[in-house]
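Next come two complexes, and both contain subunit A; in the first it sits with subunit B, in the second with subunit C.
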Partner chain A sequence: MFGYTLEEVGNIVVMQGFSGLSLFSVLLLMALGLAIIFGQMGVINMAHGEFMTVGAYTTVFLSKLAVEYDFVKSYFVFAIIAAFIVAFILGYVIEYVMIRHLYKRPLDTLLATWGLSLVMQQIFRSTFGAKEVSAELPEWLLGSFQPTEGIDIPINGVFVMGLALVVTVSVYLFMFRSRGGLRVRATMQNRIMAGAVGINTKQVDRVTFALGCGIAGVAGAAFTTIASTGPTTGSLYIVDSFMVVVFGGAASLMGTIASAFGIAQAQSLLQFFMTSSMGKVATLMTIVIILMMRPEGLFAAKVRK
Partner chain B sequence: MNVLSEKVLGGKQGALHLAILAVLLLVILPLCLDLFRLGLIGKYVTYAFVAISLVLLWGNGGILSLGQGMFFGLGGYCMAMFLKLEASDPISTKIQTTPGLPDFMDWNQIVELPWFWEPFKSLPLTLLLVLVVPVLLAFIIGMAMFTRRVGGVYFSIITQAIALILSILIVGQQGYTGGVNGITDLKTLSGWDIRTDSAKYCLYFMNAGLLILCIMLSRFILTSKFGMLLLAMRDKEERVRFSGYDVARFKIFIFCVAAMISAIGGAMFTLQIGFMSPSFVGIVPSIEMVIFAAVGGRMSLIGAVYGTLLVNFGKTIFSETYPELWLFLMGGLFIAVVMFFPDGLAGIYEKYAPHCSFSMLRARWLKKVPKVTGERQ
Partner chain C sequence: MRNFNEYCKLKKGLAAYPIACAMAGLITMSQVFAGDFPTAAVNTTGLAVTDSTVKVGILHSATGTMAISETGSIQAEKLAIAQINELGGILGRKIEVIQEDGASDWPTFAEKSKKLLENDKVAAVFGCWTSASRKAALPVFEKDNGLLFYPTFYEGLEQSKNVFYTGQEATQQILAGLDWIAKEKKAKTYYLIGSDYIWPRTSMKIARKHIEQHLGGKVVGEEYIALGDTQFGSVINKIKLKKPDVIYAAVVGGSNVAWFKQLNAAGLNAKKQSMLTISVTEDEVLGIGGENLEGFYSAMKYFQSLKNANNDKFVADFKKAYGEASVIGDVTQAAYLGPWLWKAAVERAGSFDVDKAVVALPGYELMTAPEGYVKVDPNHHLLSKLRIGKWLKNGQAEVVYESGLIQPDPFPKGYQ
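Now for the complex of A and B:
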């Protein structure tokens, strides 16, 4: 097959599969935030990628501090929390200033948040420069281990995957096993009724949006371990993560995970066997065709509309 | 005949506005500006085609396509392929290993003309394909999406993804499409050198004339019964469907018309500017064209043209002097227009031009409405 021996193909599949897993983790983190904002609230946040970039820049900034004050070994945990908090606060403010006026006009939210993403990109460019920057990674994140000869698995990938797992579980617990999540779901399903039983629905909107942005911030922190960050980094992932959410079925957590996995793996494997651009084209094309045949996505939430 | 002119021009007021625009584009600007600046205006006018198509599709139909750039690009590419084949005749490409092929194919070791380039050897076929290819693509997309009742934001996201696919495809298949540089070095159209000053003037007038024609065509569509249905579908799609209309077909039709108008703009762009590149196909140009329509007024055909001219003029001026500020301004414009002026310039004009008879009519009509419902009760 393609001039490789069977064993080599096996190794390639494992290694590309693993690099697909790192992509999967970042995509999943991005898509989780989007699934909350888009799936639950129906708001199209085109600036979602920029919230990820905010998280990434926060991490880079903290890593610079860490190098200066010599706590490189442990800073990354703080960086993740800081990325979440910064993106959360920013999301909260944006919801208050902008998004809440546009809930009744979903197409207009799309345009307004696109404008927001342009502004944010320019802010990044003016503050941090147009060049890509990367975080100073602690030693325990570098290097790789080899389970067998010919297979090389980078540790940062494993770490990102673990992080994605933790965040996914937390989101699940929050959404389906906590009072806060109950309030969110109640508000999104029936706003008037939720208001009538004493839920502050406006507050819920704000927190939900901010939460989605915060998770994008964590995605940014995770992103710094596998690539460097530039002002337009986020915009590279925005279409992909929207595809993940739509493909998975907008309101379904399981669907989001499955489709992030499928898209990342397909992209990563196809990009090895075809050229990089054709791999991406083939993946996106498949998704679009499947979506045309099954517009509600893979795992459609069974709700009456 | 009278009825037809009424419909095409949109009444006295519409005819006046159209005449003002025509005079501005065809008389005032060519007299006031030098050829370089006029060329810029010509470029903006080609974008205005897309803005008009978005007024039809988005303002009146409620269908936000974030992939209009791909129709613009396809129209442009079809035109560019013809011009490129003409520019790379065996004599002027004799230093290549395979004379007679476009230069980028030679660089990418392609020795034979790919099959989909063949039709672009003839001008009539090319002119036909400029319209047919984008319309066909729009038809397929529309068929797949609208008959399955995919609408609203899902449609926007999917058209955006398709625009992304097309731009990656064009960039990736360098040997067949010219890659990221696009198709450049275009010289003549059936022997007529398009780079001379007289040709540039000629193309400018042709372009502006076509724009006026497209506005009239769109006006005709909007004032017909179909236009009313379009508005009704935007506001209460279910109700139109339950009244027995096939909503999907109407949507496919308007999507195809919008694709065709955008494609004409693209072809005129190639002729005037002399190249076509994937940077007009992808996500960013597509969404920028939406903002042109939004600034001008998503409901107003003529407003959209002014919006396009103004935004692009601003872009040229600001990106020349303060390149950093431009993105701030553009982003801010997006947010401000959407949040505070959803009807754009045309909305502001209608609000603050009380002497114009159209708004008086509207005010009178608005006053009447509660009276009518009062009688019914």
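Now for the complex of A and C:
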């Protein structure tokens, strides 16, 4: 077939399938935090990428400690937890200081959070230096897994995939199977009624926003294994994150998952058969056309207007 | 010019005086010296030159995406200027720096150039990094007859009276490197991959012509990645299918880090795959991580690990000024040459006037360059060598090949 042996083609199909799944988990991790903040709260958080960067720097910082105190093998697990906590606390504070004053002015949140992203980038630059840094990764995260000769499955890809699964399931359980999630959904659906039955809606807002930021932090920590950590790293992810959330239908968790899957598979295939940049263009065009036909996204919430 | 050599001897003598005298000595001396070059004579075009000082501009991005790359250039230029001042300045005048921030935004570069040239009347500007920023600033320099020293290796196809290019133009960086890898790895098939903008595209065009017409090789794939794209799964699979002898890469920025990390994770490391890149210097290795690069090759004119007396001193001075952990990449070294070349131009001309300095510089040989030796060509680029560095796990490169001096050729015939 086209001058390649059947085995070669088979190997590529397997690896290509994996690379599509791996892109899917990356997009899903990027978008989950935003799906909560934008989807549930309606806050356009342009600083979402910077919360990922917070997670990434936390990981790099811990990796330095790990090298010094010799726990490189296990630190990555702590790093993910630490990234969540740091980004969560930061999100909590920022909601209190800034976001809560802007709930009634959604367009102003866009400007304010964009400003916040610039401020955060400059803080990263002043604190950690302008140059990119890399986290020392444990051996078990490096290299590839070879089921047969000719097939390489990247271990960091498997790791990101596993993490995406864990985070998605946790978010689902929290949102739909816990009292906390019930309060969040109640507040977002009808704030006044939720307040009337005794839910502290302001507290709910703060925790929801912080949770979204915390998940962004986890994503950032995971991405240190596959991409860069620098002051402006976050800006690489922000467009893709919004794309996934908007395409999926802002208020739906299932929509986000379906959208991440669709975009990832389309992009991965198109990039294989076309050139890389043309593949991306074709994916974006498709999204634009579908959004023109379904402005609410793939999974629109059925509500009376 | 007439007293310049005598002055240098005098200065060396004075420097041995006790510190208490030295300060007074230096002041008197520069006055004496500046007296040899009266301001009215060395500055006939109204530049910011006084009897004891001369103003220059530094124009790089200290903020925004490009700060990652441009910070090293700023540091190197400031270091060179401080060293020149320690030696007594230029024509007896201390250099004062006005630093402006291009903020990774190309129109800002034009605006700040205008400010530096028209309001501050600086005698020279050391700056710009990306081609886009240089292209934005160039019309301003040509209109106001300014003088720009540009440090980055770039795609060529440009030559201006008002610019000196201290990095390599494309043919200097590409041809010798490809020749080397074709011979060393007996490479027949090449996969070209770069970020999607002017420098990689022009470079790959030159590389393809050279591979096909001069090396008798074959390009089995050519791929451009959108700037900032961090997902390489599909591209890597294509490479695995085509099995090129050599990957020739010019990926930049955040994509570069992702490219090498994912390549390695997909099992394409130096043991299985040869790669020559023209976009990785010591600065990039910080972000990519030495373990992901180990065994791959970079074609550059300078590596921090170069062994020569000039470079030993330069590395020591740089680390003293900016910390033991700092690294020096190709462009940082090229930026360091800027102020020294300008000093030579002004001293050879005996004048700060741009028209005179520009004519005086070509033909000058800088013996103290950390890269060893460079000569200024009449086409405003430098004659320099090309080196191939093999990356080690510790983030430094081992120089495995060094070419002879290569003539710059910004408009290469047969490659356009």
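As a convention for this text, the second predicted complex is superposed on the first by the 292 of 305 C-alpha atoms of A that agree within 3 Å, B and C clash if a C-alpha of one lies under 4 Å from a C-alpha of the other, contacts with A are read in each partner's own complex, and residues count from 1 in each chain.
Just so we're on the same page, contacts are C-beta pairs under 8 Å (C-beta built on N, C-alpha and C of every residue); 3 or more make two chains touch, one makes a residue touch a chain.
Not measured: the values here are computed from a predicted model.
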Figure out whether A:Ser144 sits in contact with subunit B (first) or subunit C (second), or with both, or with neither. second
Which of subunit B and subunit C A:Val77 touches, first, second, both or neither: neither
If you tally the residues of subunit A touched by each partner, is the higher count for subunit B or for subunit C? C
Taking the superposition on A as described, I'd like to know which of subunit B and subunit C A:Val166 touches: first, second, both or neither. neither
Tell me which partner A:Lys280 touches in the superposition: subunit B (first), subunit C (second), both or neither. both
Based on the superposed arrangement, let me know which partner A:Gln122 touches: subunit B (first), subunit C (second), both, or neither? both
Between subunit B (first) and subunit C (second), which does A:Leu65 come into contact with in this model arrangement: first, second, both, or neither? neither
Would you sort A:Thr225 into first (subunit B), second (subunit C), both or neither based on which partner it touches? second
Let me test your reading of the model: by the given contact rule, A:Leu111 touches which partner, first (subunit B), second (subunit C), both or neither? first
Based on the superposed arrangement, let me know which partner A:Met254 touches: subunit B (first), subunit C (second), both, or neither? neither
Overlap of subunit C and subunit B interfaces on subunit A (superposed complexes): 122, 125, 275-277, 280
Can you name the residues of subunit C that touch subunit A in the complex? 62-65, 67-68, 70-72, 196, 222-226, 228-231, 233-238, 240-241, 254, 256-258, 261-262, 264-268, 283-284, 286-289, 291
Can you check the complex and tell me which residues of subunit A touch subunit C? 4, 8, 11-12, 15-16, 18-20, 22-23, 26, 122, 125, 129-134, 136-137, 142-144, 146, 152, 154-157, 223, 225-233, 235-237, 267-269, 271-272, 275-277, 279-280
Which residues of subunit A touch subunit B once you look at their complex with the stated criterion? 42, 44, 98, 101-102, 105-108, 110-112, 114-122, 125-126, 239, 242-243, 246, 275-278, 280-281, 284-285, 287-288, 291-293, 295
Note which residues of subunit B are touching subunit A in the complex, please. 58, 62, 64, 66, 144-145, 148-150, 152-154, 156-158, 160-162, 164-165, 168-169, 171-172, 283, 287, 290-291, 294, 324, 327-328, 330-335, 338-339, 342
